[in-house]
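The structures considered in this document are given below.
Shared between the two complexes below is subunit A, which pairs with subunit B and subunit C, respectively.
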Partner chain A sequence: MKNRIKAFFAKEGTKSVLSSLLCIAAGIFVGWLVLLALALFSDKIPVSHAFKGLGIILAGPFASGGSKNIAFVLGDMLFEAAPLMLTGLSVAIAFKTGLFNIGAPGQYLMGAMSSVIVALAIPTTPATAFWVWLLALLVGMISGMLWGMIPGFFKAFLGVNEVIVCIMTNWIAANVVSWVFYNNKQFINAAGGKSAYTLPTTANGVSTPKLGLDKLFPGSNIDIGIFIAIAIAILIFILLNKTTLGYELKACGHNKNAAKYAGMNEKRNIVLSMALAGGLAALGASLYFLNGGAELAWNTYGKLPDTGFNGIPVALLASNNPLGVIFGSGFLRYIDKGGYNLAGFTAYNEYVSDLIIAVIIYFAGFSKLIKDLLSRRKAAKAEKADVAIKADDATQAGKEEDGK
Partner chain B sequence: MTFLIQQTLVYTIPLMIVALAGVFAERSGIINIALDGIMIFGSFVGALAVYIMQTAGMFGDNTQIVFLIAMLVAALAGALFSLLLSFSAINLKADQTIGGTALNMLAPAVTLLIVKIVSMQDRLSMPKALGFIISNPDMNDVFKPFFDKMFISTYIVIALFVVLSILLYKTKYGLRLRACGEHPQAADSVGINVARMRYLGTTISGALAGLGGYIYIATTASGTAEGTVAGMGFLALAIMIFGNWKPVGIAFGSLLFGLLKCIGATYASLDINGDGIFALKELGLPIYFYNLVPYVVVLLVLAFTSKKSRAPKAEGIPYDKGQR
Partner chain C sequence: MSEQTRKDAVTVASDYPYVIEMCHITKEFPGIIANDDITLQLRRGEIHALLGENGAGKSTLMSVLFGLYQPEKGEIKKDGKVVSIKDPNDANALGIGMVHQHFKLVDVFTVLDNIILGVEPNTMGFLKKKQAREKVLKLSETYGLGVDPDALVENITVGMQQRTEILKMLYRDNEILIFDEPTAVLTPQEIDELMGVMRGLAAEGKSILFITHKLNEIMAVADRCTVLRKGKYIGTVNVAQTTKEELSNMMVGRDVKFVVDKEPAQPGETVLQINNLSVKGGAGKKDAVHNVSLNVREGEIVCIAGIDGNGQTEFVHALTGLVKTSGGSIRLLGEDITKKSIRYRNTHGMSHIPEDRHKHGLVLDYTLEQNMVLQRYFESQFQKGGFIRFEEVRTYTDDLIERFDVRSGQGAVTTSRSMSGGNQQKAIVAREMDREHKLLVAVQPTRGLDVGAIEYIHKQIVGSRDRGTAVLLVSLELDEVMSLSDRILVMYEGEIVGELDPKATTVQELGLYMAGAKRREGKEAE
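Moving on to the complex of A and B:
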């Protein structure tokens, strides 16, 4: 039993989880110190709010007050976790191939645009609505794949740093999306005060199936998107760990030249990895906007969606493990909801949760160091134990000799 | 024409100094993807300084002194903020991209957290108009574009740019700093303290980015701090690569980008030859087209010049004495 526990703690995965948990604890602690410092410096905030605030953040959606509110906020948390999970997967799969996909916001926007247009442009009857929904989802994903391939091509065939191309394609996407909707006013909501948004897809009878989840979390936007996202995370896990393609992608990430030497087509793998990443980010947007309750702010040329960027902390928190991404995205949304409750119940505001996440990511940068420290302590202990056993053996041998 | 030159400079100046900030960090071997975050932090602290000075009624009439102090404070804030990156990258040998990403997230969070407590909304607007513009309406047409309706920051940044470029390329300190970005082991073997040089590079980088951040919001957004600089830090990063990590290339790149950005912002009221016809407006293209152009141009230029692109060899790799 003791050995089994030891083996459990020696596993790479356990160490990753432990170091992520340590980062989270440290991040929350620093966040709390900031709350305390603000309370001490500002006469608008009583010091007691710093303690109350910590409790509210830790309770996340459960501090929403009243079971009705909790059900509603919890449902929305799950609904909003789905797109974040997919952008997290997008960043993670690119990281596995040694690429930094900071282009998720652009891919997300392309997916949102394509899905919304398909869902609104094809007339539906109640019988065909589901198929239009499915088509919109697929078209959204494919447009994101194509958009993601641009940085892939630049990296693989022209040797241009993917970070720069991703940043450029982000802003190009933001302008393209605004331009397309500007020229196609039929997709924009004409209702008073709503002209900044596209029509909800329910205007055409298209929406993601809810399967009664809305009864379980009354008032929230929850749909089966969260299950689709989890299923895709598991699929990506299998792809990366159990298939040849996944092995090749990871090999390219570890050492591009070695992968090439081993006969892999590293250029194809880079493009493919970015295409997958783009498709995942776009699928996140499709799931979010096909819900019917979410509206797309179409005139987005000056702003990139946060959900795209927040894929980066999710992936880092999960050490790029697709299964870890499920929990990483859930945690981010949990803290988010805590932040909004904090704004509601104390003199602080919702940006505290952003601060905590930023600090967690800062510490996540040290995760290799933390893991090394964990292993080194283990190694030192093992060495000590080894020496003790040897010493034991020696005395034993000595005794035996004495016996002779 | 005068208007076009002045507006182009408004966008060029912050891009130029922040791209140079990127060069200082990367030449010393540290990838500074946090330029955008440092800009945001610098712009916030600079705006806060102006806010405090204006509310206290300090330097009432002399707005140029207020501007100078704000720039100084912003640079200082940027330098201090960048120490977070240096510490994680140099002392703890952490992944520099992750550290930079964390700073990029931390800056808007801290800014908005404090701004919302101070002003009860998501932006910190100045109590009074800034009045940072220097006007010399009596100038003749040759000098007018460069001395009328200008900001003092323009001259300071150009001077700084020249001085720092000379420092980086013509002095032994510059050579040592660049050596740490190319081959730190070799630099160490001749007695250069790699860690100290990298700290120096990143701190200069932070100061310049913080300064650029405040100049950007002071000249384009009447000094309002909103926890964003509209991605200018990332643009500067692109210009740095575009300019091949060299000052001349960067100056050229930021001028080109500044011009394209300026056309994007002012195309509707742009009358280049003064004949009363707004040529670009009559083309009937929406604002999105003009916003797109700079990014597409950068992509195309990168596609054609990438073979010649040369990043510092050791950037992003933590210095390890034991490695060869």
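Moving on to the complex of A and C:
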């Protein structure tokens, strides 16, 4: 029995889950310390609110007060989890191939723009609305793929670090979106004198099917997007673990020299991986904005969407496992709602709740570190010696390369 | 250690013969006993070799001595007194120092700076190098090391870098010096010099533990030798009263042949034909490979000999498609493959045992079975409609493990990183041998391996030749070149400077070609 427990804790998967849970716990604890400190130093916030606040954060959407509100918040939580899941998958699949896709916000914006335009520009009848929706979804995804391929090309053929190109394409995307809508006012919602948002796609009768989910969670924006996202996570899991393409992508990620030696086209794989990543991030945006309830703040040139960046902690929290991403994104949205309620039901304002959420997300990024620590504790100093030897090998290899 | 106990230790030291004793050390890891009741006694002023195959437990034992592992059983004694070593700092305090196989030097620092690194003499944070310099020069003179303290490490030879490491230990007044496979990176001449240095150190009263699996070196320099096999203590012998054969028998557990058994080659059709192949060097440098022409026929082993860094790596990379050629042609089985992809070469008769098994040969984070199909995962045997057929991969891997005796902790699903170097190499050999091939390019196939594994791999290569494969072997080991090849080509500064018949030449003559002192007729006229 004891051995079985030992074996269970020695498993990679166990370590990943455990480290993610530890990160979450640590993040919540530190977040709570902040709450406590603020309460102690502010005469506007009673200390009891620090404890109450912790409870509210942990309860997430369930602390929304009243079953009606809970259903509504829960529905929105699931709705908002879908795009985050997809940006999380986007970052995770790139990581698996050894690439850091920090370009998800840009890919997300390109997807949002393309989908919104297609959904609004093509006149629909009730009979064709679904097909326009599907087309908008696909066009959004494809535009993200193309956008993601740009850093992929630069990395594969010119050796430019993908992080730099990703950051640049993020801001280019932000400006392109602003520019396109600025010159196409027909897509802008001018009702009530406001013009910061695009028209909801429902203005053209286009929206993601709800399949009765809106009855289950009345008042919320929920649609089938969450199921699409989960299905895609499972597909990506299968792609990475069961197919020859996944085998190649991971080989390139682990050791691109060996992949080249084995005759794999590592340049193609880099571009392909970034295209997949871009497509996923964009699909997240398409699902979000084709809902009909969400409107795109088109004046984006000064700001990048959080959902794009939050894909990074989701992927880290999930140790880049596509199935883990489902739970990682769910958790982030859950705690998000907790933060929202914190501002609603305690003396803390929304800035504090944003801060607490940021602290928890920040800690989520440490899961890799914690996992390494766990592994190190297990194999104790064996690892250390091993790591030292490997470092030696690495420097040796480096030296050899320099020599050439 | 208080002043009093230090004095005690010194008085005991004078009449107690062993400076370090590791008694009945047992260290277990989950599923494996890495050290099983091992005793190692190091006498003052002796050179004591620690011999064992890869995975025999040498590294674990040394890690115990350095406090990286705590043994389950056993104790360590210094000068007859039980000591507790909890981490490397304790080991250093006891005067134990190690020259690592891969040096730990800062390239852009001078030798002196490297030596004092971590123990810089200073007043109020200001360096006082003068004293240190004198001490280093004195040590260098005493032991005949001949190191220039002001030279930059990046500008000195590998041999000198190793001496810098030795000086680091001496500067820290270490009494017990551990050399971990110190000759792996040295040229034959440097090895001889190192042996001299080691003898000098021992004569001055330093005690040396010499970890190696090269029997010639043990015979040449060691006083006694302790042999480990599969984690067990086999015995300690006086080197003067033993033979290479006895040592290798103790190490491997059976008799090992040092001479490769092979029939005379019976070459057939030409398989590989290379004409005037050139590869560009770095910017502003001359060609890394220049106008190399050669051919390899089926059923023969052609060996490219040469000192490391004379274009062999670039040549092989060009041949296998890893780098572009800048001129000339490569024909495989009559077909021009100069511009073909790596995959094309892989699937049209070329197998390649790469020089660097970690960089090219394996994806270390993949399991053994994933690595076994590295070039074949797309073949219909292993995939259907883009999905990998895992049962097929497993069956295939199990078969290779069985036939090529690849050993690993959990069989097919072992992470390659956790396998021993010898077995990683065996896995690559198994993979490359089993692929359909007409040409085998083997680059330093036995680098860093023990005699058992070397014998095995040599046997495989000869077997492959006898089945009609054309073998192109690139090796830096003269013994290997002389015993394995049917023809020898010597590469010097990117050119083939000589062709020799291993039966009609001597190591000395080969050495002259390798050093560039001799060239074949006709080339000189250029």
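Going forward, the second predicted complex is superposed on the first by the 339 of 404 C-alpha atoms of A that agree within 3 Å, B and C clash if a C-alpha of one lies under 4 Å from a C-alpha of the other, contacts with A are read in each partner's own complex, and residues count from 1 in each chain.
One rule holds for everything that comes next: a contact is a pair of C-beta atoms (placed from the backbone, for glycine too) under 8 Å apart; a residue touches a chain by one contact, two chains touch by 3 or more.
Note that the coordinates shown come from a computational prediction; the quantities given were computed from them, not determined experimentally.
Looking at the shared chain after the overlay, A:F227 reaches neither subunit B nor subunit C. In the superposition on chain A, contact of A:L369 is made with subunit B only, not with subunit C. Of the two partner chains placed by superposition, only subunit B is touched by A:I312; subunit C is not. Of the two partner chains placed around the shared chain by superposition, neither subunit B nor subunit C is touched by A:F8.
When the two structures are aligned on the shared chain, A:S178 is found in touch with subunit B, with no touch to subunit C.
In the superposed pair of complexes, A:F29 makes contact with neither subunit B nor subunit C.
Shared-chain residue A:G159: touches subunit B; no touch with subunit C.
After overlaying the two complexes on the shared chain, residue contacts for A:A251 are found with subunit C alone; subunit B is out of touch. Once the two structures are overlaid, the count of subunit A residues touched is higher for B than for its counterpart among subunit B and subunit C.
In the superposed model, A:M168 makes contact with subunit B only, not with subunit C.
On subunit C, the positions that touch subunit A within their shared complex are 29-30, 59, 63, 68-69, 100-102, 104, 282, 288, 309, 313-314, 320, 322, 341-347, 352, 354, 356, 358-366, 370, 374-375, 377-378, 383, 386-388. Subunit A makes touch with subunit C in their complex at residues 6, 10, 242-245, 247-248, 250-251, 254-255, 257-265, 380-382, 384-385, 392-393, 395-397, 400, 403-404. Within the complex formed with subunit A, the subunit B residues making contact are 33, 84, 88, 92-95, 97-99, 101-103, 105-106, 108-110, 112-114, 116-117, 230-231, 234-235, 237-238, 241, 286-289, 291-292, 295-296, 298-299, 302-303, 306-307, 309, 311.
Within the complex, the subunit A residues that touch subunit B are 34, 38, 42, 44-45, 100, 154, 158-161, 163-165, 167-169, 171-172, 175-176, 178-179, 182-183, 301-302, 304, 309, 312-313, 316, 347-349, 351-352, 354-355, 357-359, 361-362, 364-366, 368-369.
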